[in-house]
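Sending over a structure as structure tokens; questions will come in a sec.
Labels A, B and C are assigned to the chains in the order they are written; within every chain, residues are numbered from 1.
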Amino acid sequence: MGSPIGGSAGGKAKPLSIADLISGALASILTLMVLSYLVGDNPLFRVAMHLLVGAAAGYAGAIALGNVLRPGLVDPIVTAGLDGLLSPSVLATVIAPWILVITLMLKVSPATSRFGTPAMALLVGVGAAVVVGGAISGTLLPQSLASMRSLNPAGLASDGETLERSLELVIVLVGTLSTLFYFRFSSRESGQEIPLANLAGLSIPGPFSLLRSLGSAFIAITFGVMYAGAVAASLIVLAERVQFLRDTLSNLIGASG
Amino acid sequence: MIAIRCLNCGTLNPGLARDCRRCGEPLKPMLIGGLADDEAEADDEAEADDDWLERMRQEAEYLSAADEPAEDLAEDQPEAEGDLSAELGGADELAEAEVPDWLDRIRETQTGELRAKAAAAASEPAGPPPDQSALEESAIRARLGPALPTGEAAGPPAAPAAAAEELPDWLQDVSPKPEAKPEELPRVPALIGQAPELARPAPADEDLPEWLGEIDTLKESLEEQMRGPAAAPGSDLAPATLPSWLEAMRPVETFRSVVQIETEEDQSVESVGPLAGLRGVLLAEPVVAMPRTSTVGSMQLDVTERQYAQAELIHKMVEEEQREVAPSPRKGTRLAFFRWGIAALTLLGVSLPIFSGAPVFALPRLAPQELGALFEIVERMPVDRPALLVFDFEPGNSGELDAVAGAFFDQLMGRGVPLATLTTRPAGSALAKRVLEDRATRFGYVPGQTLIHLGYLSGGPTAVQLFAINPRASILEGFDLPEGMPEDVWNAPLLQAVQNLSDFGSVAVITSGTESARIWAEQVGSRLGQTPLVMVLSAGAEPLVRPYFDVQEQVPGDRRVDGILSGLPAAASYELRNNQPGLALARWNPFGSAMLVAELVLLAGAGYGIANWWLGRREG
Amino acid sequence: MSAIWAALALGVGLFVLLGYFIELGFIQNLRLTFLRWAVLLAAAALVVGLVNLLAVHWRKVSLTEEGWVYSGVLILAFTVTLVLALVFGPDSPAALFIFNTFQLPLESSLMAVLAVSLLVAGFRMVYRRRDLLSLLFVGTALMVLLGTGPTPGGVEGPVVIALRDFRAWLSQVWAAGGARGILLGVALGATATGLRVLLTADRPYGN
């Protein structure tokens, strides 16, 4: 069962069943209920949102219970049997997680919440270590090395880099450093630094202020590009929704006709 | 006789003792009841008074029998004896009954000294008062001789005691004549206090002088002297006038201890701390912890008008903050015309090409630079190793990513590369099935044979790291597995050769968020080996993922992201290059129309803002 | 007791972190075990969150608080989806019907509404914040849109090509510098926060 978008995908449209028609009709109604928010907040939109949250939560719960917890905790016990429960591998891979999961489940109630602390501590400890390890080995080191080597004359010469490319690399490097500088020193008041000089009534800011301003400019440019990308992406989705409505309408008309 | 308290153990010792009788430490005697506040020594003082009184009685008889100057001496002696009574309250070991010669000598010396001082005071109306402690010291020394140990309450070095065997000539000259009457002596105003109003001693007779019965009065008067200049009631002496600088020097008693020191026997023995075993240790709690008010009178605040006005202002400000703000009246419902207008424009721009087929937009002529690299990577992918497709986006982004990734899937499946899908989102598996099901039918893929869904990885970065280390330990159950497949998904023919992440032919992450892309780039990058990592991204996520793609240019050998595909224009170019029109081209015209509207809206907004600012500046 | 949990978090985190840099066998095995436990616990945490969600809305319905009808709709949708997906499987036609009919169109429509919201916010940007940075932000977005969007007509002219090149220059040079700085800053922040948790300066798991 796929999205009933008919022939707009470039392939042959398969014949639609009753279930597909009903599904299409229901989906169209829900789409219109959500698009009604463009007029203003209304009960139809709220019903649609609560339906979404309920359905998404229910599906996520089923996935977590059926695809993770059951094969991870229940099936091994069934496979190992009561005799195999005391083996070291089962103790480490099944019994210990069982204890942890049960204590974590106790967090549901405020009265027993504190018993879930060890499980949370383990989860948080592992999560923090993964984040730190990934950040250091996956981002900090490679990105820093790349920034340092970007101006390597040997690299530029071997690629036949032109002045334009060199300028681009300088811009990237300045952007990197000034953005980092902005994050580091943005908490200080802008008025703290004494201006470098005063020329004809204009105060030339000091190096720190200049770097901060440059950093904020680069951030504005980056976020501007990201904003444009987000607008483009959401417009594509809007186009897809309108296309879906058109296709469903034509399918219903075709089916009724 | 002075009683000396041992500084080490607090035991009272005789005045002549050099060492403590209890602990054996050399004695530095304290003047007991130095300021006549020592009520604990009342009993000792009472006993000493009795002995002392007896002595004085005997002296008086002796003196009255001796000569007339006894009257003068009787005037002065109460002061001296009053001093002595204050200082020597604990003395109880002096010899009794007989008045020894040395006592006579001391008395005579004392008389002479007093007369000399009186004369000096008369000639110097303003001057520092005679040091009371020096007087007392000299009196004591005169009585007890040089054997007297130095006391703590000793003031400035006392005048050397003149324990003369006989009156010197000058004293003899000034010794009172029998015919001299006490009232003819110059009355020198006391600088530190009033001389007590004393009853004149009666002529020598067998009755006790009246002054002997007024020992208590003497004590009180001496106390008054020690406190400061104050006119004793009934005194006909003029009150002393202290100069201002002297008045300022006087110590002001700001603290009066409320602790009453018990007798030695009643005192408890300290049991803790460095003073364990000692008696008379001051208790910290009743003194330190006891709240007490200062004896200094409260100060009168001198508030100026300005300060008062400022205080009132602050008070009002605080009151205003505390006052509950009344809810502002609800304004009439504002219709969102502005938002309706933009929504209508956008919907019109999107709908026109869909419903009417116009306008038509030009197809992209130039493909992005990285598209060529991606095309080559897909062309080089092995067909005997599965490619791992990670569907890490929400269903809400499927409208865009279905179109962007479509050409990539078409090229992959067109080459017959086996596929395995994975997701870290609960709904990702359903999305993967939905996206690939029709294509699988179109390209002849068999579920379980050339296409398999590994399912859901829970835990975010933790799960990705686990999968990178050991894929088989992380995935326990697949998704939408065909019937007849083994329960363990890794036993499927497609995945039997896969032990590590690098055993996959390629890894492609389809995601709309930078967070997910970053996690995969960070966690799996070092475990891929020669397996290429490709990112298929939403247009908004590209800026923050491109640095991972650019790294390999600057750091050869350190590969993070080998290929990148982002945005509908790149996907449309991809479909054109594949020669397989797909969703990207199907949405090209509505996309173009909607983008035109967006550009107009942004331009109008910027122009409106600038115009508003400029007009505002002109108005001033 | 809090010291014990802190020691647990520290010890577990230390082994996992060391595994990034040291290839010793027992460290890798221990790391694998902890990661597996964490994956299971993450799924359990998801379930706990869902139970809490259900409890909140159940309370609203039982006390008939404001909006209890909507909460009732949520509980109904949750229950039906969960039961169907658990009984028949999340890959069953019934569960996928609910997914394709309800969840997918609703989320897509929300994303579509976002397009209008973004445009409204973009229009008001310069009007509300009249500074150089706002102008730079909107100007960059405009140039990228002009360089990204298709052009009406048959063939792309030289102006359009110039716009595309400028757009590529903006996003691959200027934005790349800022993006790299942002990534480094995010990585530094994540490292600092993670180390604070590992060194028990922060204890988000409680005492």
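Here is the rule we use: a contact is a pair of C-beta atoms (placed from the backbone, for glycine too) under 8 Å apart; a residue touches a chain by one contact, two chains touch by 3 or more.
The structure displayed is predicted, hence computed values, not measured ones.
Q: Could you tell me which shape the graph of touching chains takes: line, ring, star, complete or other?
A: Topology of touching chains reads as complete, every chain touching all others.
Q: Could you compare the number of C-beta pairs in contact for A-C with that for A-B and name the larger?
A: Between A-C and A-B, the larger count of C-beta pairs in contact belongs to A-C.
Q: Whole-Å distance, chain A centre to chain B centre, using C-alpha means?
A: 42
Q: Between chain A and chain C, what is the gap in Å from one C-alpha centre to the other?
A: It comes to 3 Å between the two C-alpha centres.
Q: Multi-chain contacts only, two chains or more: what residues does chain C have there?
A: Those would be 19, 35-36, 38-43, 46, 90, 95-96, 99-100, 103-104, 107-108, 110-112, 115-116, 119, 122, 138-139, 141-142, 145, 148-149, 171, 175-176, 178-180, 182-183, 186.
Q: At which residue positions does chain A touch at least two other chains?
A: Chain A, residues with two or more chain partners: 1-3, 38, 56, 59-60, 63-64, 66-68, 72, 126-127, 130-131, 133-135, 137, 139, 143, 146-147, 222, 225-233, 235, 237-238, 240-241.
Q: Find every residue in chain B that makes contact with two or more other chains and list them.
A: Within chain B, residues 339, 343, 346, 396-397, 399, 426-427, 429-430, 434, 458, 460, 462, 465, 479, 518, 539, 542-544, 547, 550, 567, 591, 594-595, 598 contact more than one other chain.
Q: Tell me, which parts of chain B touch chain C in their complex?
A: Per the touch definition, chain B meets chain C at residues 338-339, 342-343, 346, 359-366, 368-369, 394-399, 426-427, 429-430, 433-434, 453, 457-460, 462-463, 465-466, 469-470, 473-474, 479-481, 518, 539, 542-544, 546-547, 550, 567, 569, 588-589, 591-592, 594-599, 601-606, 608-610, 612-613.
Q: Can you tell me which positions in chain C touch chain A when the two form their complex?
A: Those in contact with chain A are residues 1, 5-6, 8-17, 19-21, 33-48, 50-55, 67, 70-71, 73-82, 85-86, 89-90, 93, 95-116, 118-119, 122, 133, 136-142, 144-145, 148-149, 169-171, 173-188, 190-191, 193-195, 197-198, 204-207.
Q: Would you pull the chain A residues touching chain C in the complex into a rising list?
A: Residues 1-3, 19, 23, 26-28, 30-31, 33-35, 37-38, 46-69, 72-73, 92-93, 96-97, 100-101, 104-105, 107-108, 113-114, 117-137, 139-140, 143-144, 146-147, 168, 171-180, 182-183, 215-235, 237-238, 240-241, 244.
Q: Touching chain A in the complex: which residues of chain B?
A: Spelled out, the residues of chain B in touch with chain A are 336, 339-340, 343, 346-347, 350-351, 354-355, 396-397, 399-400, 402-403, 426-427, 429-430, 434, 437-438, 442, 455-456, 458, 460-462, 465, 476-477, 479, 512, 518-519, 521-523, 525-526, 538-544, 547-548, 550-551, 553-555, 558, 560, 566-568, 580-583, 585-587, 590-591, 594-595, 598.
Q: Give the list of chain C residues in touch with chain B in this complex.
A: Those in contact with chain B are residues 19, 28, 31-32, 35-36, 38-43, 46, 90-91, 95-96, 99-100, 103-104, 107-108, 110-112, 115-116, 119-120, 122-128, 130, 134-135, 138-139, 141-142, 145-146, 148-156, 160-161, 164, 168, 171-172, 175-176, 178-180, 182-183, 186.
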